[in-house]
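Encoded as structure tokens, here's the structure I'll be asking about.
In this document, chain identifiers A, B and C correspond to the written order of the chains, with residue numbering beginning at 1 in each.
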Amino acid sequence: MPATDLLRLSYYGFTAASVAVLAAVVFYVMDALWLARTSRLVTAGDALASWRAYATPPTPSGRLASTTVALATLFAGLAVALRALATGRGPYSDMYEFSVAFVFVALLGYFLLERNYGIRPIGVIALPVILGMVAYVWSLPPSVREDRGLIPALSNNVIMTAHVSSAVIAYAAFALSFAAAVLYLVVARWPRAWLPSAELLDEVAFRAVTIGFPAQLLLLILGSVWAHMAWGGYWSWDPKETAALFTWMVYGGYLHARTLRGWRGTRSAAYLVVAFLAVVFTYFGNYWFGGLHAYSGV
Amino acid sequence: MTERVPGAGPSAPTCGPAGTSGAGGRWQRALGPLALALAIVASAWLIGGREGFERIGTGGQNLQLLPKIGDSAPDFVAPTVNGQVVRLSDLRGQPVWLNFWGSWCPPCRSEFPEMQAAYAAELQPKGVVLLAISLDEPAEAAAGFAARNKGTFTIVTDANRSFTGSAYPISNFPTHILIDREGIVRDIILSPIDEAEIVRRAQTIIATGDGP
Amino acid sequence: MVDAVAGGTKHRRKPLLAVVADRTWRFFCSVRAALYEIIFLAVLILVGTLRGSVLPAQMPRFVPALEPLVARWYAFDVFHSLIFSMTLALLTVAITVCTINRVPGIWQALVHPTVATTRQFFRSAEPAIVERSPDAPEAVARELVAILRSRRYRVLTEQRGGDIHVYADKNRWGKLGTFPFHLALILLLVGGIVGAQFGFREPVFTVAEGATRDVGEGTHLRLKLERFVDSYNQIGSPTEYRSDVILYEGDQEVRRGSLTVNNPLTYKGVTFYQASYGQAAQIEVQDAAGNVAFAAAVPFEYVSRSNGDAPAAIVDLPAQGVRLELFFPNLKLDAKPEIGTIKLQSGELYAQAREAGTNTKLGEGVVIAQGDVARVGGLDVQFVRERRFTLLQVAYNPGIPILFSAAILLVIGLAITFYFPHRRIRALVSAGGGETEVMLAPLAKRDWGAKRDFVRTLSAIEARFGPATLLGRSSHAGD
């Protein structure tokens, strides 16, 4: 298939993913309302069961929401794959390609999280965050849909693809930990039978950080290997790389506080919510920083 | 609600609707997601139509500004700095080397002696016609520079891009286009050349249809 | 602080040195001190990072009084300042001390964990469960140990009175992952210091086409640029910057090839990186006697002081006691071809001679067209032709292997720490009322993952002893 058709199909894929994410947000909210109304009808088992197999009570709206997320993941994955086929490189040439990849990985991460822990209400927070990223992509000028080529500095397919892949994994994991932490704060104040336990949410947030923290480290390492190859300097205190290092240190602080100082619960959840600001700052940093990552200005 | 179902999650509902086991049930269960997928694809298609997705892939890297290699070179008529007029199609039967340049462009100035050397020593004797088309500057500037640097090839002037602009929308200086005796574009070079490189690449237009 | 003073008086007989060492050690171990160090570092990084953004330039627009502050901000090169290095060093020492401080505790927990437990532990732990069996305690304990071992737990037992205490753990070596990780953090700093101390970096290494330049820095390398080529696509974006070069060591040609932005050229650890490019001029200078004083291509790597858009070059001729200053026409297309008050056409350059050292002008400057000769400062200067130059970075960094091994160590350390979590289970097997009672609980305070692991292990135990009963109160009642 010619590259132009692949680019077009890729954008249709992203559009389908966008529609699905929007629908999923609606379905998750519907499901939460449904659960809140009917939760009294759900019978309890013994406490062991809650660790044995905690699962949000299955509801038709919940199943619809989960299916929609699965479809959104599929379409976003198609969008990334088709574009990579058309351009012959990973999704790293600009903020558009990067953000579509982020949407895909965040959806995939959420999908796996839901499957693994059997908890649905995190979607009420996580999906709107992903929808925000989708909205950001749609706010970009239509010219980003084109393959605009690469500046010579970026033409290192293997390392750049790995660099950007670890970036989207890290940011997606941090976004999910943010969602779990927000829900934690809700549950801590407003415990409800149909909501996952605070302890489980604490675990989910922690697990997400244990994915995001090494991924962020890999992002920093690969970035510096690439800088070393392209410019001869492995570290140049470029604003974006400094911000990424800072973000890494912030999450390092969370891990230390949790494992060494025994920080759990509201304190660490609040920390994670604030820490996510650092991620957002780093993500959009190239807009107000300039510097070596300024290529992505759209 | 049953308890102690290990690993139960939303994807493996603990209490599925009655009578959904077996092949028929599986089909029924796949129907919902399928309908959902179709609805999503349909809305994406509708949005795509309104947003003009059919234009995607014609800009950016895939934007075709110059004629493609293998196509016949679009014709143009333009004046030379000596007051003559050249028409590209009149040169049919001879290999043509088009060079788009400006004396205001440093790499063009830097490669000018290389072009002159390649033209005088190797390509002119083989019948190659070199048209150096100066853009975006007065004819005198191009003529003065060419004279000071002893260029012996034809300097065409198109200060406002009114003669060649529509057929050859140039955004790189210098651009070299090699056209064979049949008027077919054989090579496009979007970087400066040196003597050896242009002599080597010009072989494609010299070789084809050698002699009448 | 009060505590420290009190401690000082109490241990008056302790040698002063020991007290100081002890207090220093405790300072570096202090989590609070580390927190302040990190916050201070974060503030420094923020100041340094925002310095490169649009923010400082915007501030005086809204609050004019901030102008001097902004000027000082620009003057403060945070990342190369002493205070920044000191903070980093302080943090490194703190990391070292803190990590060493944890060794004995972790080692003890790994090698000699406390096996004995109390009934109180099971009352407060969750989820704590009870199993009952008609068999003798010893037999039950044996079976329990076998089940746990089959789930890859290390199991230790201890008999106390009639009770058998069981301690089981797995992934205990995962706790050691913290050491390669923190060692790597220190190695990063070491690598940085080694690179700065024993390496060199020349960020602006310009060579004009046809010219050869010494690398210096104790190497005998010379680099010749044959040609610089920049390529573009049809929409005018650059696709490649390429320098065709020959590398000599002494008089021996050792490398010949091209280097592009992502493909540097390396020889004996010295690496050449493509960074930028520009205009050059090949000139030939003859003195009054007709001897060739200079013949080479000169990179126009400077700009004119009176016109920032006009490239300029300097040629020093020490034998003649002359410094030649050369200028090219303005690069700005709308202002071309003006340079200051001199009307300079494309393909011309302007030459001005000055006395070496004193910088006084030697006569008026002249305009030389490409191919022409003109006399300036008593010398005949010929502008042979225009050329291009390449701007390379040359770097030799022996710290790189250290840095990249540190990076690998970091990843390994993290993977061990996160993906092999230490899991611990305690059990107490005791006889009572003609049957044997087993109490089991994980050490998993507020740790959902450890609890789920425990419950998964429990299913194997239930398979043998039957459904377990929950002990005590649970915070997450089934709902």
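Throughout what follows, contacts are C-beta pairs under 8 Å (C-beta built on N, C-alpha and C of every residue); 3 or more make two chains touch, one makes a residue touch a chain.
Only a predicted model underlies this, so the values are computations on that prediction, with no experimental measurement involved.
Taking A-B and B-C together, the pair of chains sharing more C-beta contacts is A-B. Put simply, the chain farthest from chain A by mean CA position is B.
Note on chain placement: the centre of chain A and the centre of chain C lie 25 Å apart, centres being C-alpha means.
Annotation: 37 Å between the Cα-based centres of chain A and chain B. One simple way to say how far apart two chains are is to compare their mean CA positions; for chain B and chain C this gives 40 Å.
Among all residues of chain A, those that touch two or more other chains are 42, 45-46, 49, 52, 148-149.
Shared interface positions of chain C, i.e. residues touching 2 or more other chains, are given as 233, 235, 239-240, 459. Listed for chain B are residues 6, 60-61, 63, each touching two or more other chains.
Against chain A, in their complex, chain C makes its touches with residues 31, 38, 42, 45-46, 48-50, 52-55, 79, 126-127, 129, 201, 233, 235, 237-241, 260-262, 264, 271, 273-275, 393-395, 397, 400, 403-404, 407, 410-411, 414-415, 418-419, 446-449, 451-452, 454-455, 458-459, 468, 470, 474-479.
Residues 1, 3-11, 13-15, 32-33, 36-37, 40-41, 43-45, 47-48, 51-54, 56-63 of chain B are the ones that touch chain A when the two sit in their complex. The touching residues of chain C, when paired with chain B in their complex, are 209, 227, 229-236, 239-240, 279, 328, 331, 333, 336-337, 345-347, 369-372, 385-388, 459. Listing the residues of chain A that touch chain C in their complex gives 42, 44-52, 148-153, 155-156, 193-194, 197, 199-200, 202-203, 206-207, 210, 213-214, 217-218, 221, 224-225, 228-234, 237-239, 242-243, 245-246, 249, 253, 260-261, 264-265, 288-291. Residue ranges of chain A in contact with chain B, taken from their complex: 2-8, 11-13, 15-16, 18-20, 23, 42-43, 45-46, 49, 52-53, 55-58, 62-64, 66-68, 70-71, 75, 86-87, 114-118, 120, 142-143, 145-149.
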